Structure formats: C-alpha cells, structure tokens
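Letters are used for the chains, namely A, B, C, D and E, taken in the order the chains are written, and counting of residues starts over at 1 for each.
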Amino acid sequence: MQIAVDLVSWLFLSMGMFLGLTGAYGILKFPDFYTRVHAASISDTLCTACFVIGLALQSGFNLVTAKLFMILILLWLTGPAASHALVRAANTAGLKPVTEKKD
Amino acid sequence: MFATAAAALLVIMCLALVRAFRGPKIYDRILAVNMFGTKTVLLIAVYGFMTGRPEFLDLGIFYALINFVGVIAALKFIERLDEYDEQEER
Amino acid sequence: MMSSQLPALQVVLPLLGAPFCFLLWRYPRWSWALATLLSWSAFGVAIMLLIQVQNAGTIEYAFGGWQAPWGIEYVVDQLNVLVLLIVSGIAAVVFPYSWTSVQREIDPEQQSLFFTSMLLCLAGLLGITIAGDAFNLFVLLEISSLSTYTMISMGRDRRALTASFQYLIMGTIGATFIIIGVGILYMLTGTLNMQDLATRIPDLGTSRASQVAFGFLITGIGLKLAMFPLHLWLPNAYAYAPSAASAFIAATATKVAVYVMVRYVFSIFGVGFSFETMHIQWLFVPVSVFAILFTSIVALFQRDIKRMLAYSSVAQIGYMLLGIGLVNVTGLSAALLHLFNHALMKGALFLAMGAVCYRIGNTFIDSMHGLGKQMPWTMAAFVVGGLSIVGVPLTTGFVSKWVLIQGAIENGWWPVVAVILVASLIAMLYIWRVVEAAYMKPRPEGAESITEAPASLLIPLWLLAAANIYFGANAQFSMELAQSAAKTLFNSAVVGF
Amino acid sequence: MDSIFTDILAGALGRYNYWVVIVLMMAGFYVVIASTNLVKKIVGLNIFQTSVFIMYISIGKISGGTAPIVWANAELYSNPLPHVLILTAIVVGVATTALGLSLIMRIKHAYGSVEEDEILALSQAEDEDE
Amino acid sequence: MLLCEQQTPRGLNQLPRKKTEMELAVNITLLLMLCATVFAVVKLQSLFAIVMLFGIYSLLSAMIFVALDAVDVAFTEAAVGAGISTVLMLATLVTTGRWKKKPERSGLLPLFVVTITGAALVWGTLDMPEYGNPANPAHHHVADRYIAESPTEIGIPNMVTSVLASYRGFDTLGEVIVVFTALVGVLSLLQVRRPRTFARKQDNRPDTHRRRPYPVLQVVALIMMPFIIVFALYVQFHGDFGPGGGFQAGVIFAVAFILYTLTYGLDDSLALTPLPALKILAAGGVIIYGGTGVVSMLLGGNFLDYNVLAANPVSGQHIGIIVIELGVGITVASVLITVFYAFVTRAERNRAGEKQVDLPNKAD
C-alpha cells in the first residue's frame, strides 16, 4: 500500500516537473509576449496542481495537507487573474502580437 | 524524489530568471517575475518535505499573496507611467 | 523605586513621549510644550544619574529583568554621564528656543511632526550614550539618524532635500558598516554585550577577522562623526536645516558619535589592541591635523555663516580625534573636555544664527552688515561664542585647547602644538570676518531697520553663552569629570568600564 | 569514501557562503557609489543591506540543525539570535527606504530631475546667483 | 505546553547527513542565482526592470533564509523586500520616470573603493570560523541558553519570538520606534490628500479608455480581502508557535489594503480607513508596547519585565508577548498603509507636480 501511494505521488510530481520545465522552456523560446504568457500560465496552474497533489499524497490527512490545498486554491485564484491583467495592460499599451512568420 | 523535484524547480526558476534578464519589454519581465513567484511557493513546499519539516507552508501562502499584489502594483503603475510619458512627449 | 529605574527613565521618557507629541498634530503649541517638558525632565534625570554615579560608581540596568549577556543592559559610568549631561542640557535649552524660530521656518501642520522628530532624536542620542549592548546601540543610532534626516528635510530651501538625501545615503552606509563590524565580532565571540566583548576580544589575539571588524567599525563611526575624508554630508546638512534643528544636531549628534568612537576604541577593543596592534593613532593624528587646517581655511571663504560654522565643526571634531590620537591620559581628557565645551560653543553660535535668520530670513554675511547695532544682544552672544571657538582665555575653548596642548607637549609633538596655534589664528580670522561685517560696516541705506530678536530666542542663547564663560572660568567640574573618565578608560587594560 | 567527499566539500565550501555574500555586498556598494540615478542608489542600498543580513543568518546556521522552533524529533536547532537581530535590521532597512523614496519624490518635484549631476548643476547655479 | 501535533509525514526517512548535502546544494544554487540577479541589476538601464529584478532579489534571499532555517526572517524579508519596498519603488518611478538618462559615473573610483573593501573582507574571512559547524563560538556563549531554557522560562515553542519579545524586548521597541519615525518622516515630506466625495461624470479625455477599471481584478480583490485579513490575524497570534508575529501580521494587513487601493482607487480606501484613524492607530501601537513596559516598571520589575505582569511568571511572559506583538502589529499595519497612501497621492500628481484630475477606479 505504501509503495503504491509513493508511486502515485512520484507520478504526479514528475508530471508536475515535466509541465513546469516545458512551460519554462516555452517562456524562453516563444517569439513574442503573448505566446509566452500562454506558456507561462499553463505551467502556473496545472504544474502547481500536480505538485500539490503529489505532496498531499505524501503527507496523508493532516494540517499540512490543508495548507497545501489552501495554497492551491490561492494560486488558482490569483494566477489567471494576474495573467488576465497582464495581457490586458499589454494590449491597451499597444503591444501588437507578432503575426507574419519571420524566416 | 523530493530532491529531483527541488532540482527541477530550481531549473525552472533559472529559466524564468533568464527571461527576466533578457525580456525586451517590461511585460516580459513582469511575466517572468510572476512565474518566478509561483515556483518559489512550490519550492518552499517541496523544501519543507525534503527536510522533513513541512509545517512552514503558511510562508507559501504569503509568498503567493505578495507575488500577486506585486504584479498588480506593477501593472497599475505602468499604466500611469505610460500616460505620463505620452504627456511628456506631447 | 524611582532611583533604581533612572537609566530606563532617561530614555523611555522622551521615547514614549514622541507618540503623544505626534497625536497632538492639530495643536502644535501643545506638542511643543510636551516636548519641552520631556526634555527638561530628561535633563533632571541626567543630573540625578550624575549624583548617583558620583557616589555609587557604575550603574547597570538590565532590561526585562534578564541579566547582562542574555538581555540588553544599560551601563552608566563616568564617561557617559558627561555626555548625558551635555546632550540633555543642550536639548533643555534648544527645545524652548525652537517654538519661535520654527514659526518662521516650518508651516503649521508640520510643526508637531518637527517636535516629534526632535524628541525621537533626543531619545536616540540619550539611548546611544548609555547603551550597553552593541546591537541596541545600532538600533538607537538608526532612530536618531532617521529623525535627523526628517528634521533636515523640513528646511525651507529646496537644497535641504538634497542635503537630507545625501546625509541619508552616507549615514546608512555608515550604519551598515557598523552592523558588519558588530556581526563579525558576534561571530568571533558569541556575545553582543559590550562588557562581555571587552573580556573576550583580547583572547582572540590579532586574528584577521577582529582587525577587519575593527576597521569596519572605525569607518562606520567615522562616517557618523564626519571624520575628515568622510565629512561631505555635514556642511549642507547643517546649512540648510531649520535653525533650531541645526543648532540641536550641531551641538549633540557628532559629539555622541565621538563618544561611541571612544567607547569602541578604549572600552571594547582596549588600548592594547587599538593602539599597539592596529596603530589607529597613525590614522587619527594625520587625518585630524589635515582636517583642522584644511576645513578652517575652507571656512574662511564661505558666504553663508551657518556653512562656515559647519566647516568649523569638522575642524573641532579634528581636535577631538587628535586628543584620542595622542594616546595619553591628558590627550584623552582633552578630547572629552572638548566634546563638552564644543557642544556649548557650537550651540551658542547656531542659536545666534537662528535669531539672525529669524529676523533677516537668511544668514549670508553681506546681509548682516551693521547688525551689531540693531541686534546687539544676539551679536554679543555670537562674539562670546566666537571667542570661545578661537580659544581666548576665560572661555571654554581655551580650557580644552590648553589641555590638548599639554597632552601634545607630553608626547613632545611640537609640530602638533604649532598646528593647534595656527588653526586658532585661522579661527580668529573667520570669526573676525563676521564681527567686522556686523560692527564695522554701516547698515545699507535701503534696508529697513531690524529690531532685536524676541526674548524667547535671546534667553536660551544667553544661557548657553553664559555657560560658555562659566565653564571657561571655573572648569574644575568638567575637568575633573573628564580626567577621572580618561583614567578609568586607560588603566582598565581589559575590563573597560 | 562518500563521507570524506562531503567533509571536503563542506570544508572547502565552509567559506563559500561568506565569499558569495561579500561579492553581493560589494556589488550593492558599487551600485550605491557609482549610480547617478537616485532611485538606483536606493536599490543599491537595499541590495547592500540584504546581503549583510544573509551574512548574519549564515553565521547562525548549524549544518544539520533545523529551524529554532521546538519540534518533537529535532536533534539540533540553528542559532536563533542572528534571526532576532536581522528581524530588527530588516525593519530599519525598510524605514530608511521609505524615507529615501519620499525624499526622491520631493526632489523630483523641486528640481524636475532625479539625476545627481543635473541636481548638482541646478543647485550650483542657485548658489552663484544668490 | 501546547505542541502542534504534526507527526512527520510517512516516507521521509533520509539519513541526516544526506539531508545536509541536499541543503548545501539548494543553498549554493540559490546564492548563484542571487549573484546573477545582482549583476543584471548593475548592468540594466531601465529603472522598471531594476525594480522588478529587485523584487526577484528579495524573493530569492527570502528563499535562502528558508534554506538557512531562518523561517521568521524569510517571512519578513519577503514581506518587506518583494512586497512593500517594490511597491513603493514602483510608485516612486511613476513620478520620476522610467529611464536612467545618463550612463554610470566613470567606474574607476567606485570600483577601486569597492575592491579595497571587498579585499579587506575576504582577507578577514580567512580567520573566520567555518560556516555551519556546531562548535562555532557564535552558538555557545549566549545562544545555547536561549535554546535550552526559553521553552521552560517563557513557555512558547518559537524561540525566535521569545528572544525577540522577551530577552531582547528593548530592541523590538526600538524597531517599532524606527517604523514610527519613518511614518513621521514620510508624513512631513508627502501629504495624504483628502478623499473626494464626488459625483463625477465620465471624463472624456482621449486616453481615458486606458484608465477604465479592471472588473476581473476588482472581483478577485473583493473575494480575497476577508481571507487576507483572517490570515493576518492568524499570523499575528500564531507567532508564538510557528513563523509569524506582530511585524509580519502588520505587513499582511497592509498588503490587504494596498490590494484594495490598487483595484478600487485611493478614494474608496481613504473612505474605508480615514487618515486620522491611521495616525491614532500608529501612535497607539507604540503606546501599547511602551505602556506594557511602564506597567511592568510600576509593578516593581525593570522596564519590559513580563514576569511581574501575572501571578506565575510564565503566564506573565505569555501576556506580555501577546500584548506587545499586538502593539507591533497595529503600528506596522497603520504605518505601511499611511505611507502607501502618501506615495499614491504623490504618484497621482503628474510630473510637473500639479494636482491631476484622477478618475475613480470604480466600475461606473
């Protein structure tokens, strides 16, 4: 039983790691601001969820898990709001997305 | 297991840092700071588990809060700053 | 019950009076009255402490009831009672003076903020004087510095803002150097209490880290007391601050920093470490000799009298460092004596300039023509202060210069004696410049006639001028206090207190 | 073999923390001295102070110790004293920053610029024509 | 003595020595990232980027404090560095402009001074005791009494709070006075404007579309406000058991109102927390702290001696610590809110300094 829980939590953690790394790679490599926001916000929400679930499995049912899920709810509330505000500010400031493909 | 998670988070933070240094526009830097903040929250959680003492998670809650308010403050003040720059150019 | 709580009362009274003073922001006169009352009570407590120290020796007061190295303690001995007296004495004189002089320089809704920051500065300085814990000294140093930046920035002239900002940057760098020094000392000895440090530093021997800590502490405190190469913030800060503030800071802030230097060099690091291993006297003596000559000459060419007095302050601090650098009992007692006397001299001179500024609005030499007849009392007090700076017999300046010269002769350093005399001559020149402008030159026709400054400015001014003469004539009170403090500092090889 | 490696690692790295902190201190100090822009001076001041705080905390760290909060199976606690000193020093740092920044805003409205050399030129001009 | 009853989670069975190696690795990488950030700050010209990187710098140093087992300090550093200082610097940049016009002063003299001080420090480290070894003198003369006796003498698990509030209580009083002095300084320089009760019609200047409020942020802020304030109270009273205390709670409380001001505009927040109330609270907090000291003096102990506050000394310590933490929290919260209002008032004026007609951020 213990190994199963460890395995599942390790699975979640590695998924979280994968999402985070791809998000970070995306933030570096994408051509312009709007695509980067796309990459960063994915890694923000889903990667956090995977990490929190992975850690929660490790710590069983106690105050620590409650705090972990509080963090998750907070990040899920503030992350997208911040990205929305960011994109809207950039848009009103007149930042145009890169449309034609630079060869 | 936690060590690899911590290492991965550190790598992500380094990549976000590179974007913060290079970011041509202000908005890229704010995006990098936002991502950096959320990853720090996760690093605290993982570090707590790594050292076997995970009850310092209210630090994580606080970092998420500070990160959000920092991003909102930056956006609000840029908005006013662009307006003044335009006034100055006019 | 009261007498055992005196050291705490000394600092807690002004410290907790400040929020009440701040709460009276709609009635500036009441906040001024509260501030003056608290400064007088601090002076009273200082006198009571003097009596206690004279018959009971060193007093120790443990905060929170925790004994010395664990909790924070206050230590009152002969050295800091002298500084306590002069700081609270100057405050007891400048606070009543400040009401009328502030009416013309600060607008009403900010006046209670000015009195609050003056009270906080007084509390910080008193706290530094009797602090027995190195880190607590840093915290109180920050309180007094922050309130000083606030007071300076309230000056009318827009250059007060840049002066305050420059002082903030250099003051914070100085404070950070002090905190690095204290951190290294803590790393090596494991304690923050000054007496504890004094016992544990000698067995470190000449480890490189303790030498680096000594270097950082001396640089940090040097920045705070405007030692010659680090004095750039002082002229602007004193020239553009409101007159009441510049009088208070000029007479007390740098003196307390000199006290902290004496405490670190003699009590904590000990005479052996500071003078034999680190040879700090070969930094103090040349720097102070250069400071005395160079800044006195620069003071000759200043058009703004307050700036001239600020440069002469840097020169006088040079005298104090010279006294420390002589490494003998007479030299150190000359430095402590000069610390006491210089506060009286500079206080009187800056109060006189405040009265002039109250009437004319600025303190430029060419706008002071013919003031001797129209403001006789103010200019007479200025002359008394000026004579004291020059060091004419029967004034306090003469007493401390005389003891300093004795110390220099004891070491056989004749060129140093020559420098002191030449500097007194230059001081004579820049005082004469003002006297000549005030008395010899006629009042320009166009200028309207100036009436004498109001009594509320003149009484504190003449109180300090009279003190200058009194302590000049029979100086045995301050002399014997300084001498006994110097003796305890010197012959206590290990335990400094 | 593995334990020797960590001892060498810890020994050689015994001073790693201090050297990095010294590099940070000097970078902050350089920014304070070299920058002509007043806002960058304040940022430099903050960096200089924060690196001093990291030095204090790395003095208090005991390798293998946990945070100084009573815990059932803690065998060694790190030293709580530097933490207390730094809590006070951080507050002092933020007070100085708030004061410095409000001074900068007033200087901007008084002189119209925050570059040190422009302000110097303006105030010297004011000295002459007085 | 209430001990929080977390048992260590299952599955954590590393050897202690292996743990120190990982801690060292995390510590080293964080310090390297810190150096990279600082060199970027030295190089960059755009002030906005510098302030953003300063935010990252504070967050990173807070993370290092977590790695160095200084949990309270990490809390405060993040609150102050990434939170308050960054927001105040951003507000300053609004008036002073975004670009650094001139390049650095010639680097020779500053570089020379810096290398001299740096060399002196490195030369000093050669004799310094090794980092992290338990036999260092720093841990033995005074500190081991705090670790050994503070749980019994003062009876609270968080030793940092017990040393902060009781053993070195006067330092913390000095800290509260420093915050109060900062308030006096900022109020003497920048005035907080009166709240405008207005029925303002939509101003039709061309760029007003930019200033329309962000409805999404306003909703999120409204949802979060109660929880942030409850979290602030939790941190205030949890200070004895875990990381937290008066100062951190005050900052969180201030962050709640800063968020409200950012999303709803200064007039709504001034209506919510009027300036006279903030001033009275700021002075009140200091008086509470000093008052406890004076009460313990009247009861016969020395200044700030909590043993005399109650019959049995340990509960006296508890009462004393809770009351002074409350004083610290009130002062810090009201000072930081007032300072932020003063900065926003000044930021609303445009570069030339005249009062700018400001639009409400309310969804009108």
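Operating definition for what follows: contacts are C-beta pairs under 8 Å (C-beta built on N, C-alpha and C of every residue); 3 or more make two chains touch, one makes a residue touch a chain.
None of these values were measured; they are calculated from a predicted model.
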{"item": "Chains touching both chain A and chain E", "value": "B"}
{"item": "Reference chain E; chain at largest CA-centroid distance", "value": "C"}
{"item": "Label of the chain whose CA centroid is most distant from the centroid of chain A", "value": "C"}
{"item": "Top-ranked pair of chains - ranking by C-beta pairs in contact", "value": "D-E"}
{"item": "Chain centre separation in whole Å, for chain E relative to chain B (CA means)", "value": "17"}
{"item": "Geometric centre distance via CA averages, chain D-chain B, whole Å", "value": "20"}
{"item": "Whole-Å gap between the CA centroids of chain A and chain D", "value": "31"}
{"item": "Euclidean distance of C-alpha centroids - chain C vs chain D, Å", "value": "29"}
{"item": "Residues of chain D touching at least two other chains", "value": "25, 29, 38, 59, 66-67, 71, 81-82, 85, 88, 92, 95-96, 99, 103-104, 106"}
{"item": "Contacts with two or more other chains, residues of chain C listed in rising order", "value": "135, 139, 142, 146, 149-150, 153, 180, 186-187, 192"}
{"item": "Junction residues of chain A - those touching two or more other chains", "value": "6, 58-59, 63-64, 78, 81, 85, 92-93"}
{"item": "Contacting chain pairs - touch in the sense defined above", "value": "A-B, A-E, B-D, B-E, C-D, C-E, D-E"}
{"item": "Interface residues, chain A side, partner chain B - complex", "value": "6, 9-10, 13, 16-17, 20-21, 23-25, 27-28, 33, 36-37, 40, 43-44, 47-48, 51-52, 54-55, 58-59, 63-64, 67-68, 70-71, 74-75, 78-79, 81-83, 85-86, 89-90, 92-93, 95"}
{"item": "Residue ranges of chain B in contact with chain D within the complex", "value": "51, 53, 56"}
{"item": "In the complex with chain D, residue positions of chain C that touch it", "value": "135, 138-139, 142, 146, 149-150, 153, 158-159, 161-162, 164-165, 168-169, 172-173, 175-176, 179-180, 183, 186-187, 192, 303, 364"}
{"item": "Of chain E, residues touching chain D in the complex", "value": "3, 7-8, 16-17, 19-21, 23-24, 27-28, 31-32, 34-35, 38-39, 41-42, 47, 50-51, 54, 57-58, 61, 64-65, 68-73, 76-77, 80-81, 84-85, 88-89, 91-93, 95-97, 100-102, 104-105, 107, 109-111, 113-115, 117-118, 121-122, 125, 128, 130-134, 136, 138-139, 142-143, 146-147, 151, 157-160, 163-164, 168, 171-172, 174-175, 178-179, 181-182, 185-186, 189-190, 241-243, 247, 332, 339, 342-343, 346, 349, 351, 353"}
{"item": "Chain B residues touching chain E - in the complex, by the definition given at the top", "value": "3, 6, 10, 13-14, 17, 20-21, 23, 26, 29-30, 32-33, 36-37, 40, 43-44, 47, 49-56, 58-59, 61-63, 65-70, 72-74, 76-88"}
